[in-house]
Structures are given as structure tokens and as C-alpha cells.
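Here come two complexes built around chain A, the first alongside chain B, the second alongside chain C.
Showing the complex of A and B:
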């Protein structure tokens, strides 16, 4: 048997529905205590991966290991994972206490142990005093906390979260994001977090695994994935960027490019080109004043690149005024800030 | 409720008044005035054991039929609701097809099936399993079988619609929490489906109380229900006594269902409470 020494490992996991494949050869090792986010647009395979991991869906090929044990043949109830669902999936006919006690009762815990652990879990999510309420009597944020408490109460080695913040409004979402980070820090559980929201992914995760069309595009730390996207899709999906095709880039910079595309983040462009910088000449369009920064677009002029528009976001400086819309301008970009992308 | 909202319930109220309250009041008048104020019809009903036996028998038959429909209909509804979505309309359609035929036709069909010269006796004789035809027609069993067959689709549809309200994500949640399929069903699905079960049971119970064609055609002398008594009395133009029996039946139904609801309120939860 393979030994990965990882609490969780996907080995060439593939899921096909007829000819279409929802997930294609996902191989991914998750480290103990890691907060890993599966990020991707809808239909990218992230939910399929989670469903295979939880045991709701069978993989067509490949195997998932939890604590080095293959779990493909195990039903969900024997995988010992905790899960927070998108709509929380609290049992409406049970009190908060009974909802949180459910996983313990299924594991045949004694009454005393159940009481103690439910109390501790409710304390962890700051819901102590609410044990007798029914889910219907709780606010959205409180329901989210109950769902969290239920997922962690049996101390599973792996905690799954399926788009669990998307049902909340913006303010609550930010509050719960901090809450999830705090609980992860306290418990040290390995967390697999599924989302389509890149800001959630970047702010919460130790590592982000970006999926598209059923394939894993890149796995890396949030900053690395932002600074060094590997493919055109990653650069486009995470944050905003300018993508320049190779011919146009080589024409502009006079330098060869190691891949089909170059990516320049809008905030890497500036109006004070240094020696050695790549210089981009064009016309300013659409300036937007945002207080701390100014955003706008530069329509490149001349030759092969004519007409391509680059977004820029420059910090507002009192000394160096930004050119007005319609004016010609030269913007610079350090060679180190240019990322070569694969297709 | 605003004033305009109050006005919008008027048509429904008027309909209920015309279709229910007025007929009941007329029946009540018939039972209590013959022609002057009298309780003689009620005294007659409660004074004679034969009527009370029929009354008890009616409640019992209705209870047994409703329970049998539940025991058969619930698993059917569960089966349909757990099929892939594209199969469900067809399966429901098949359940409902028998309802296109009138109760009378279906009752005669059961006579053909259960009779001495009927389909079942023919088959059993031909197979050599019995030597003489079985007496199935004109028994209580025939009445139960036919009533259950006639009323079953209503139970299946009621249970089905209650089950579709249950978030199947809750079953997944129970599974992840460590419950096997049986425990997930017992602890989550079953409690949440009880409201629909109770509605179905009550509807079947009420409909059963009014049956008279089936016991008249398929049952023996002892299988007469209160409906048959009422028909007999009406045929003999004893309007007052027929009305009194109808009133007793209505009152008993209301009391029984109120009791059932009261009990249920303590133990049964709607799948609609909670959620997001």
C-alpha cells in the first residue's frame, strides 16, 4: 500500500459521467493541520472532489486516502470526517443540543461524555446558552455556528466545508470567515474548504488548489498563486490581470518570452519607468479615482499591439500626477513583475 | 391583515358557507325538527345496540383501511421519491391511473376477481391448490381489500408530496455524522415525513367513513357501514333518522381528528420549519 503520511490524499481521482469527465486525475496530498481550499468556477470539479471525499459519489478511477487508509469502498458514515454544508443542513426537528450531539450518539458515546463534548463544541462556536433552541429560532450566523459545532464535535481528523459561507450576507460572511480561521487555529484540524470565492480562498487558506474543467491547475500558497500563476486561467481567475500574447509582448519589450502569454498585474504598472523596465506607450482611458489609488486603462498604440487595452491601478501620489484621459502616456513595468503563462 | 386582504378571503368564506355550513345546518335541522323540536332520532340511535355496533364497526374499518393504506403507501412513496427525478412522474402517473375509473366500476371489477367463478378461484382450481372455490366475495376481507385498493393512490400522493419537501441534504448530513442508511432514515427522514403521513391517514379515514358502495356490493350482512344505514333510511324516507346518523358521524369524525392533531402537535415536526 502507498504510504503518504498525509491525513488526506487524492491519488489520480477521476470521475466520469458517460463521456464527460467531472474530475480528471486529481492528485493532491494535504498536510496535517493544513487549511486547503478547493477553488474554482462552477463545474470545475471542486464539489465532485468533495463529494468523492465525503463518500456521496464513487470515483471512476483512483483512490482517496484518509490517514493512509483507502476509503473508496467505505460509506460516508465510516469515513470519520466532519462536514459543514452549504445550507447548513441542520435537522429541523432537533434542538441545537441534539443536532450537535448527533455525531456523538451515532458513535455510541455515553450520556456524560456527550453532554461534556456538546458543551465544549458549543463553547468553541460561542453558542453556549442556545442548546435548547430549535434551528428555526436561530439567525443565519447562529445556524452556521451550530453546523460548525456539529462538524467538529466528534473531533474528526478531516473537516470538510462546502461553500458554507455563501448562504450568509456580506457582513456575516466576513465575521464567520474570522471565526473559521480562529477555530482552525484552536483545533488544528485538517480542513478542506470548497468555494468559488477567491477572496475567501486567499484570506483563509494555507494553500489553494485551483481547479478548472475538472483538472487541477495549480496548488500553492495564496501569495504564490497570486504572484506566480502558472497558466492563463489561473492568472485570470485569481485577481485581475493583463494578458498579453507572446508576439505582442516580444514586439513591445524586444525580449523573448518563455510561454504563449505574459501576465502583468494592474498594480505592477506605474508612470515612472526605470532603466531596464519594459516601456508601454499608449493613450489613457477611463480614469477612476478610488481614494488611495487610481485605476484606469491604457490603450496601447502602434504596430502589432495597437488597440490592446491594459488595466492599471496606481497608488495615488501627490507629487506624480496621473495623466488625464486622452493623453499619451508611457508606463513602465519591472521585468520581474512579468509572469510567463502556459495555456 | 389589511382591510383589502380581508376582502380577498370573502369568496373562499362564501364558498365554504354555501358548500359546507349550509348543508350541515340543513341536515341538523332535519335531525332535530320532525316537524317540531325533538331528540327522538338521536335517542333511537343511541338506544339500539345494532346502530352502535355499526357505528363502531364503521370507525374500526376506517381506521384499519387508513392504517393499511399507510403501511403500503408509505414505502411506495418512499420508493418513488428516491428514484431519479426523470422516472418519478411516470411512477406517480401509474399510481394514479386506477383513479380514472369510478368506484362503482372498480368495485364490480373486484366482484369479478373475488367471486366463486372469479379469476382467483379459477386460477387456484386450475393449479390444483384448492378443491372447492374459496368464499372471498361477501366477506369483510373483500371490503378491506377493495377499499384499500381504491384509496391507496391518495395515500401515496399525500406521502410523496410530503417527502419531496424534505431536504435530502439532511440525509447526507446524517450519513456524514456517522448514521448508516437505516439510522439516517429513522432519525431524520421518518420524523420529518410524519406530518404528511398524518394528513394522508386522516384523509383516508374520513373518506372511508362515507363508503357505502363497496360494503354493499362486496361485504356480507355484518359488513354494513353507517353509510349503508343512512342509504337504507333515506330509501325509506326516514329523513330525520338518516340526518341524525350523519350528524353523529360528522361529530365523531371532528372529535377524533382533533384528538389525532392534538397528539401529533406534540411529536410531529414540519420539514418546513428551519432551513435557510
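Showing the complex of A and C:
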């Protein structure tokens, strides 16, 4: 059951509560059929953006477009979006079937059509045998699937999900992650997925939009946003990294830096410096053996950089031994792996 | 036995003492009220059910209580919904205002209603009394229904909205079912607040007596065991109804968890 999908767009959307703004001039275009994740720490405005899109909250300024039509004046029930809530928000007094059938009943579908579509939606989320149960008799993962089925049953062109995996335990979360990706693949709906979990964002999305304090920091493909973070916040929030201030960096490398900070990912450091690499000398601290890799810290020695600690993660190789803790070591990093950051 | 147990038993006994006296007295066949009765029978129940004055007062009270409870429940439900949609500061203030009549002594309210009714020439009216009773019951409805409403996940109504339901449909589909037992419980409480109410009725009802007014007037002239029969009869009915209301309230809490 391939569904239609629609592009959507935020144009300079601002939401103020008193003096504080929950969202500040958000401009973002989402292509039809795209899986876009709004990522950011708690309180960064993700839910606010989603609520404005769904119609639960009015924007103070700006406009949201679904399928190139402004929707600011439309109530939620006329926006034709599907939504999965963090706590699932299943109707507790209705059976699974009635929960999933609800959007169809609101659209006055015939009984036969309702039965057919609910059946198909439950099959999509692998819950076919559960139609008569009440939500209270389901596990967390099953409730999540019912919520998903209810959101997609009426084939909305846009699907919104607000932290919908956070309530699940780790194993279930990974399972549902694959499930959501599979469903997006089959349905082709435009998905706006909200999370504060960067690994969820990186693994699921076509593109990630990172929010901080109500502002959009960067939008890009997962790999690009990981490899080329634009600001210190992005580099810090997505994955782990080492941030080196400009003076220290210039002192270490003898090269100028085009911004206030340099970022080096831990896995970009290695113990076999090549000609042309930037060389970092220091003392090894805190080695942790992780099977496939070894992680640890290098305390830089000497001069202006003295005392700064860099994390590293190197693949474990049987041939090349890693120095022991307390030993002096020289690590290398290719200039291409150094990313200049703005504030 | 521990002191707390003894105190608890004494407290319960104190609360139930009037009932323990009234119920045996109602089955007396004596001509005058006395405890313990010397002869037994259903004389006074028969006297109550066959007296057109007592019956008229009873049905008047039932009618008033039914209407007052319906009005209070609907108004209370709407108030709770309205309060729920306000900003936190307005909500706190207005909730206080809604609950306030529950703390004001009934005599004061009775006096107020009476003066108001005088200015509008609406004394001695079943309608005025019904409205006054509805106002007396409103705070309890707001408290009982409000407690349940605050526990309902606000996302339920939003979920219904994105599913395509308008605001009213969404309320009916998502919010009302989980709080319905509390609404029914509130209606039962409201019913008995009106059914029991004497003071306001004394002020407003000269000619047509409600049951409490009839009892009051009867007591002033002679104490005959009809009163005991009526009391015993309504103690049983009230107890059953209140038990149902309490069960419903507990069920709401379970349902919302």
C-alpha cells in the first residue's frame, strides 16, 4: 500500500512564550517522501515545531506549508497528518481495532473499507492477531505498533513522530527503529521524526536538522553532519569529538585555522603518523579494551597545549601494539580529518 | 487493643449512633417515638407511604434533586473543561472561585439567594430552589470531575484531533469516556446535596414543602415515628447510592492509571 506524500516547509517560524522564544525563525524545507529528523537536546523546541506543524500550537510568526499550501489557519483535523505520540496516546477504552479504525471513521469510510484498511495497517505493523485486545493488555512495543498503525491507516501524506521510541527499552527501541525504517520504505510517506538521541537520528534519517535553544544549527545528511559539523555545538552533540581552541591548534600544527575551534573525532587519531599528518605528542591515560577497538586518552605535553586531553579510539590490530598507560606516544591526524568549527 | 483502634471504633460508633437508634425505632408500632420500641411493626412505613402530603413532598424533592443534579453536573463538566484550557494563573484563581460556595455556610447562601429572589419576585418557586441547589452542588462537581479530568492525558484529545475529529468529537471520543464514571459519581453526590438540603428550601419554599422542609415542620409540632421510618428508608437509599458513587470514583482512578 504505497501512499502519497507531500513536501512541507517551515518559513521563518517563531514561537514565543512571554519573553522567551521556544522557536526562533525556523526555516526548513522537507522534500516529499523524505525522512527528516529534528534532533536536539531537551527544551530545544522540537515538540514546539511539531505542534505547530500538527496545528496544536499557533506560530507567533511565520508560516508552515504542507503540499505548498499554508496551513496556519487550519485546525489539526483538517491538516491530514498522522502522528505518533511519545506516550502513544491510545484510547484506553477502545480495542486495538477501534483505535486503528478511528481515523477512518472520522473520514466516514464504509464498514467494509474500514475493516480492510485496519487489517492492512495491523499487518504492516505485525499485529494482526491483536485486533480485539484493549491497549492495557499490550506490551510497550505492541502499543507503539498500534499507535503507528493508527497514524498510517488513513494514508496521510505526512507522518509526525515525537520521541516515540524513548518510552521503550533499548532492545525494543532498536527493533522499532528497523521497523520504522521498513515502514517508511514501503509507504514512502514524508516523515518528521523528533528525537534527542543522536544515534537514532543518524541511523534513521535521510537528513538531520539539529536544533539548539529554538534555533536551527545545521541540516544535512547524517554522514555529512557527522563529518562536517558547522559549529562547536553540532560537533559536540553528534558523536564524540575533541575540541581544540585556535591558539592551541595553531601552536600544535603550525598551521593557521579558519575558525575559533578545531574538531578531531577520536577515531581519526592513530598511532602511525604519516608524512604531512599533524603530530600530537603526549602521555597515554586510561586505556579501555573494547574488543574490536581500544579507547583511551592522550594528555598533550608541553607549551600552550599542556594539559589538554584528547580522546582516541583506534581499531585494535594484533601487529601494531598500543602503548601502555603512562607511556609517551605520538599520534597523528590527517589534515583532511580536521574540521574547523564556528561558535 | 491499641489506643488508635479504640479511638477509631469510638469514632465509627459515634458516626453510626443516630442510625443505630433510628432504624429500630422505625419498626416500632408504638404511638409515640421512644427507644427502645415496646411493640414492633410496619405501621409507620405504611403511614408514610399512604400520606399524600408526605408523598407530595418526597416527589417534589426528587424532582428538584434530579434537575438540580443535572444542571450542576453539566455546568460543572463545562467549567472543568473551560478551566482546563486556561493559563495556569487564571485556572488557579477561578478554581478557587468555583469551590468557594462549598465553604460558605448554607445559611449565608440561603439569605443571599432569598434576597436575590425577592428582588426578582422569584421566591416560593421550585425553579429558584432548583437553581440554588444546582449552585450549591456545583463546587462538588467541579472538585470530583476536575480531579479525574486533570489525570487524563491531554495527548489523547490531540491524537483524536489529528485523526480527523473536530474539537467536540475529540472530547467525546477521547476525554469523556475515561472520566465518565467520575461524572456519574458527581451527579449522584449533587443529587443528594439537593435532596438533603433544608436551609435554602426553608427560606424559599413557603407553600410547597420539600421533604426536608416537611420533616422540619412535622418535628416542630409533634414527634411521631413516621420520621423514623422516613429516615431509615432514606439512610438505606443514600448509603447504596453513595457507595455506587464512591465505587465509580475509584474505578475512574483505576481506569486513568
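The definition used in the following text is that the second predicted complex is superposed on the first by the 337 of 343 C-alpha atoms of A that agree within 3 Å, B and C clash if a C-alpha of one lies under 4 Å from a C-alpha of the other, contacts with A are read in each partner's own complex, and residues count from 1 in each chain.
Methods note: a contact is a pair of C-beta atoms (placed from the backbone, for glycine too) under 8 Å apart; a residue touches a chain by one contact, two chains touch by 3 or more.
It should be emphasised that the depicted structure is a prediction, and the values quoted were computed from it without experimental measurement.
After superposition on chain A, the partners chain B and chain C are seen to clash.
Of the two partner chains placed around the shared chain by superposition, chain B is the only one that A:167 touches, whereas chain C remains out of contact.
In the superposed pair of complexes, A:62 makes contact with neither chain B nor chain C. Using the contact criterion defined above for the overlaid structures, shared-chain residue A:266 touches neither chain B nor chain C, since it reaches no partner. Of the two partner chains placed by superposition, chain B and chain C are both touched by A:107. The larger set of touched chain A residues comes from B, when the choice is between chain B and chain C. In the superposed model, A:150 lies in contact with both chain B and chain C.
Within the superposed three-chain model, A:135 lies in touch with chain B and out of touch with chain C [touch as defined at top].
In the superposition on chain A, the residues of chain A touched by chain B in one structure and by chain C in the other are 54-56, 75-77, 79, 81-83, 85, 87, 89-93, 102-103, 106-107, 150, 154, 160. On chain B, the positions that touch chain A within their shared complex are 167, 169-170, 172-181, 183-184, 187-188, 191-192, 269-276. On the chain A side of its complex with chain C, the touching residues are 54-56, 75-77, 79, 81-83, 85-87, 89-93, 102-103, 106-107, 150, 154, 160. Listing the residues of chain A that touch chain B in their complex gives 54-56, 75-77, 79-83, 85, 87-93, 102-103, 106-107, 134-136, 140, 143, 150, 154, 160, 167. The part of chain C that touches chain A in the complex is made up of residues 153, 155-156, 158-167, 169-170, 173-174, 177-178, 255.
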